[in-house]
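Two complexes come next, and they have one chain in common, chain A, joined by chain B in the first and chain C in the second.
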Partner chain A sequence: MTLKHGAFNLSDRTYGLFKWFAILGVVTFGLGLLLAPQRALSSFLLVNIGLLGMGLGAALFIAFQYVCGAHWAVALRRVPEAMCGILPWAAGGIVITLLAGKSLYPWTSEHAVGMKGVILSYPFVLARTIVFLAIWLLLIRAIVRRSRLQDQNGDASLSASNTRLSALFLVVFGLTFWMACFDWVMSLEPEWYSTMYGVYHFAGLFLGALAAMVLLVVWLHRVGPLRHVLTEEHLHDIGKLLFGFSTFWMYIWFSEYMLIWYADFPEETGHFIRRLTGGWGPLFVANMVITWLLPFFILLPKSVKRNPNMLVKVACMILVGRWLDLYLLIYPSAVGHEVVTFGVVELGMAVGAPGLFMLIFIRSFRSFPPVPVSDPLLEASLHHHQ
Partner chain B sequence: MASVHATISEPLILGDKSPGQVTDDVCSSLERGPHVSWWIALTVSSSMLLLGLVAVVYQVLTGIGTWGLNNTVGWAFDITNFVFWIGIGHAGTLISAVLFLFRQKWRTSVNRAAEAMTIIAVICAGIYPLIHMGRPWLAHWMMPYPNTRGPLWINFRSPLVWDFFAISTYFTISFVFWYLGLVPDLATLRDRLARGWRKTVAGFLSLGWNGSFRTWFHYETVYLLLAGLATPLVISVHTIVSWDFATSVIPGWHTTILPPYFVAGAIFSGMSMVLTLMLIARKTMRLEDYITERHVGAMCKLLIATGGMVTMAYATEFVTAMYSNNQYEQFAFINRAKGPLCWAYWIMVSCNVLSPQLLWFKWVRSNMAIVFAVTILINIGMWFERFVIIVTSLHRDYLPSNWTGYVPTSIEIATLVGSFGLFLTLFLLFCRFVPVIAIAEVKGVLNHGKKPH
Partner chain C sequence: MAKNLISRDDNRRFLLAVFEREEDILGATNAARERGLVIADVYTPYAIHGLDKAMGLRPSRLPWVCFALGLAGASFKVWFEFWTSATDWPINVGGKPWNSLPAFVPVTFEVMVLFAALSTVAVFLVGRRLLPGKRPRLAASGVTDNRFALVIEETDATFDLGEVSAMLRSFGVSHLEERVDQDLL
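And now, the complex of A and B:
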């Protein structure tokens, strides 16, 4: 089989832009640490949760494809694989946040009692964090490595072994991810709890990763590597997933909010009251509008899901929504809910994160063939039609 | 690439059938007289139904004081069975609508029966709230219409009312979806049957189907739209059922994960019930070529996935209760595992968490006897899940002087037996009078896995 794909025509200007973004992020973080450490650390947590979510979402996408035996996205698999490149960085960032950002977590100074004290004891949280991150990273690395190894030897049994590893990853992820969300984000407000929290984070991270994939595949189609590879049929399928998971996110959001609103327990409603008062209200509503309401109606027609220009716009909107969602989860708890805090630190780091992500993505993507050339399902994926 | 081609598209239907053979295979069992085993099964199931009928008449005439409820446990057997049956229904919509949207072609062999099961299970579920009203002849009061009862309206803020709307909408759409899918097959029956009442009925119900391009085009458009409508509906139904509990302030009930947890649990229980029924139908109706090991395997994998979600929810709920430091939350969950009803909890855990783990192994998935046993265990486990959630959260409330137990009365058990009787009777009738396999859809996947000409 001969495979046609374009060369990667990446202009120095684009690459430079990403570099400057990343530098801007690092500089604002540094300045923030000196001038407003609480904000800088909160933003650092936000950025790392966001970036980790991109990597984990991409890994979940790969794992779902393997366990379902799906072929349609095989030709695009190098994109989520390269997205996983951010994982070690983001994982490091999370550990650094826990080590250096004790001021974010009230339970590190005022120790909780009872079972909460056991679950939220600092060494235990740190140990869990390291164990969870290590297991996820090892499994994801094993999957990505096997996929790349297949390029060289064309061994179909690597697909089978990746299917098994993917199933294992999904099980491990399901059993650990919610706990990690409790530790890293929910415990910013240690008195509040919601069993939905992990599911909510999963919905957000998978939606965010899908939106990022839309941008990346369309961009890679335009700059070369996925030319002759990416078709409208692939876009249609990713568009459907984007539509579906945007709605799933809203479903989870609504279920959590509605139940807490309805039961009206003082210990639970505080979380939402802090996000509805002091200027947060409009952002709270905007989050729903740009993450679900607009994408839902825009993505409904079939033609939109097959139109790269429209898909890119919706994906950008969803990614802004993803940032806003994490901002709303983290800032009112960690920085303060009296006023909306947004300034150079937040903006600089919000721009820096995608810059850093793209630098790592490009490096990772360039090191390997842009499509899994020896995957037994590649041919079916290239000729995929609805 | 021949070997590669084979790995992605093994034939869905075995035996290298021609379209004509498919029609013959599916229709012949309808045209033959029923087998003696069918009569035996019908006798057993209709006797169960009769028993239930007697019990229902008795409790409607006497009042629901015939149940084992008490002041503390005000909700138990009735709602457990209601949630159980509603849950069973979900797999049908998953297979017929969600898997259709995901273009899972293997669904064609099982969707007809699964959808029929949905409709029947929703009927079984609907009986319970009707009885629980105490005066079922006033059931139409659930509907908000201008009436002569003064300012007395239904409580729009009650999830029980939302249930009524959600379930009636879901039932309507599921029924229309199922019937629409049947139309081409009814036309096939109409064309095959000799003159007689069955031909007349099939002719009437097939709505003048003529198999033209236009007819197919309209059919497929509506089918897709209905699939798109049924998908959010099925999620809404069990979400609202979960709200019956989660909107309350009862420890063990008020937990935000309940909606997706209930939806996953419903699909888990429904899929296992579909498998239970299909494994029997496959054997007795000689449908091994249509419902192959591959179909069973795919459904087993769905059981692992949904069972995993349920397991995750159990773990999240337990740990969050501990984390909450709320002694009532903590007690509710410790009481489940260690209290007087802990046997029910451990049945739930071993059936729902442990037994599906067997399905990880391919040799298990291809051994129909073991798969059948696992599905029975899951059916039992999922019934107990509802029992555990409902009864153990209630029976020991805030005041230890209120603590009671709960034992179902013979009337309640007879009602449950009766609902199984109704379920099986209707399913047996379905197998006799309607093509159990979507003939037209299966013909569409006959070429799957064959080399293109």
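And now, the complex of A and C:
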């Protein structure tokens, strides 16, 4: 079949804008390291967890589609595939944070005792980090490479082999991701623990990746590559997922909060008390409002999920919520919970991260056909309706 | 599956077309609508994606019923839990305040889902008059099993039976007959 799609009409101004965002991020990080190293390192951890989440969320999306044998999103698969391009960068960022940001993690100077001391020993954490990241990157790269290879040879068995790899990735991810979250973020407060922590991070990263996908597919529809590809039906399905995972995030958030509130153990409640006192209280509430409450009610009607303008607004709100969520997880522990610390460093790096993400995304997306042209399910995906 | 547009008027005439395949009923319904024919109803054994659009149906109002009843269920449950645990029989649980909202949330959520789901089904059944003792009256045999029926209303003198039949035949219609409304429903 011949496929009609628009050319990529990307203006130099848009590309330049992303470049300036990225430069701004790098400059504020550099200045921050000199003037306020603790804040700069915390912000660096924040953006790298966020960016890694974007790539992992995109990879999970691809894997879910393969494992379910779903056809609806096949025509859009190049978008999450290109989102995976950020993974090596973010993975590098995480390793750098662990190497350079020992001051973030109290357990590097005051060693914990017993089993916790074994788990949180510096070489062990570093080794785990590298092993986890390497396994994820290798599996994701294999999946993305097979999908791109299929464009050239049209070999349908590559789909089957990707289904197997996706299943493997999902299992490996499920078994390792929670430990990675414990190591990188939960250990900022080594005396606090929560068994909901891993699934809470998963909910956030998948929601964030879905919101980013909404923005990217609508944008790519407007600037060309997906012009004759993306339909209201596709948007409706992504909208449903966005709605569902926003609610899932809230569900997990509450599950964690309620258990700790009910049991009322001092070593557990500290985490929430630090985030409810000082100036953090309003942010703590705002996080729930913009990540779930408003998106939930706005996305309820069917017509909104099919309306790109509305969907883009909700996705933007959720992405701000995603940043705020990570900010609330990292800052009160790593920088201090007495006062809310927000300034040029945080703002500059929060703007720089999407800039860098977009530069890598555009480069990766442009290098391959904008849709998987030889995927056996492409035809069904293009004519998807519900 | 669709809203019944047929009223109790003895003089109305209908054309009943039966198809064997999902693609055919979808194509024929689309073609009939594009020609401006009045589609009285379509009978299918299961929900067909895109058929509501092909028939030009208005969006269902059932989601609003679901939303309102879910809200009602949640409000009722919050009030009930407050009444039982803070007003009628206060019990000290772990030193928590009597009206502890976080403790009410899980049950409120469950009751909201239960209320919304059960009452939406009930409203649907009552609204469609699908009450116990209802005798099935099928437009054509097999529409609950493996066949699909399209019912077109013959509105006025401009209705060209020959032309419409030819169109339906192009979609592989397996059975075609004219009826007055009493035979149909």
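Just so it is clear, the second predicted complex is superposed on the first by the 386 of 386 C-alpha atoms of A that agree within 3 Å, B and C clash if a C-alpha of one lies under 4 Å from a C-alpha of the other, contacts with A are read in each partner's own complex, and residues count from 1 in each chain.
Heads up, the rule we're going with is that contacts are C-beta pairs under 8 Å (C-beta built on N, C-alpha and C of every residue); 3 or more make two chains touch, one makes a residue touch a chain.
These numbers were taken from a predicted model, which means no experiment stands behind them.
Assess the superposed three-chain arrangement around chain A: do chain B and chain C clash, or do they fit?
After superposition on chain A, which the two structures share, chain B runs into chain C.
Taking the superposition on A as described, I'd like to know which of chain B and chain C A:Leu34 touches: first, second, both or neither.
neither
Counting residues of chain A in contact, which comes out ahead: chain B or chain C?
Of chain B and chain C, more residues of chain A lie in contact with B.
Looking at A:Ala380 after the superposition, I want to know if it touches chain B, chain C, both of them or none. Which is it: first, second, both, neither?
A:Ala380 sits against chain B, while chain C stays out of touch.
Tell me which partner A:Lys302 touches in the superposition: chain B (first), chain C (second), both or neither.
Touch partner of A:Lys302: chain C, not chain B.
Could you say whether A:Tyr262 touches chain B, chain C, both of them, or neither, answering first, second, both or neither?
The answer is both, since A:Tyr262 touches chain B and chain C.
Between chain B (first) and chain C (second), which, if any, makes contact with A:His71: first, second, both or neither?
The first partner, chain B, only.
Of the listed segments of chain B (109-117, 199-207 or 343-351), which one clashes with chain C in the superposed model?
199-207
What part of chain A is shared between its chain B contacts and its chain C contacts?
Residues 258, 262, 386, which sit in both footprints.
Could you pull out which chain B residues touch chain A in their complex?
1, 4-5, 7-8, 101, 103, 232, 235, 239, 243, 246-249, 254-260, 301, 308-309, 311-313, 315-317, 319-320, 322-326, 330, 360
Provide the residue numbers of chain A that touch chain B in the complex, in ascending order.
1, 67, 69, 71, 112-116, 119-120, 156, 167, 170-171, 174-175, 178-179, 182, 193-199, 240, 247, 251-252, 255-256, 258-260, 262-263, 265, 267, 376-377, 379-380, 386
Where on chain C is chain A touching in the complex?
49-50, 53, 59, 63, 67, 94-95, 102-103, 105-106
So in the complex, the part of chain A that touches chain C is made up of which residues?
These residues of chain A touch chain C: 254, 257-258, 261-262, 264, 300-302, 385-386.
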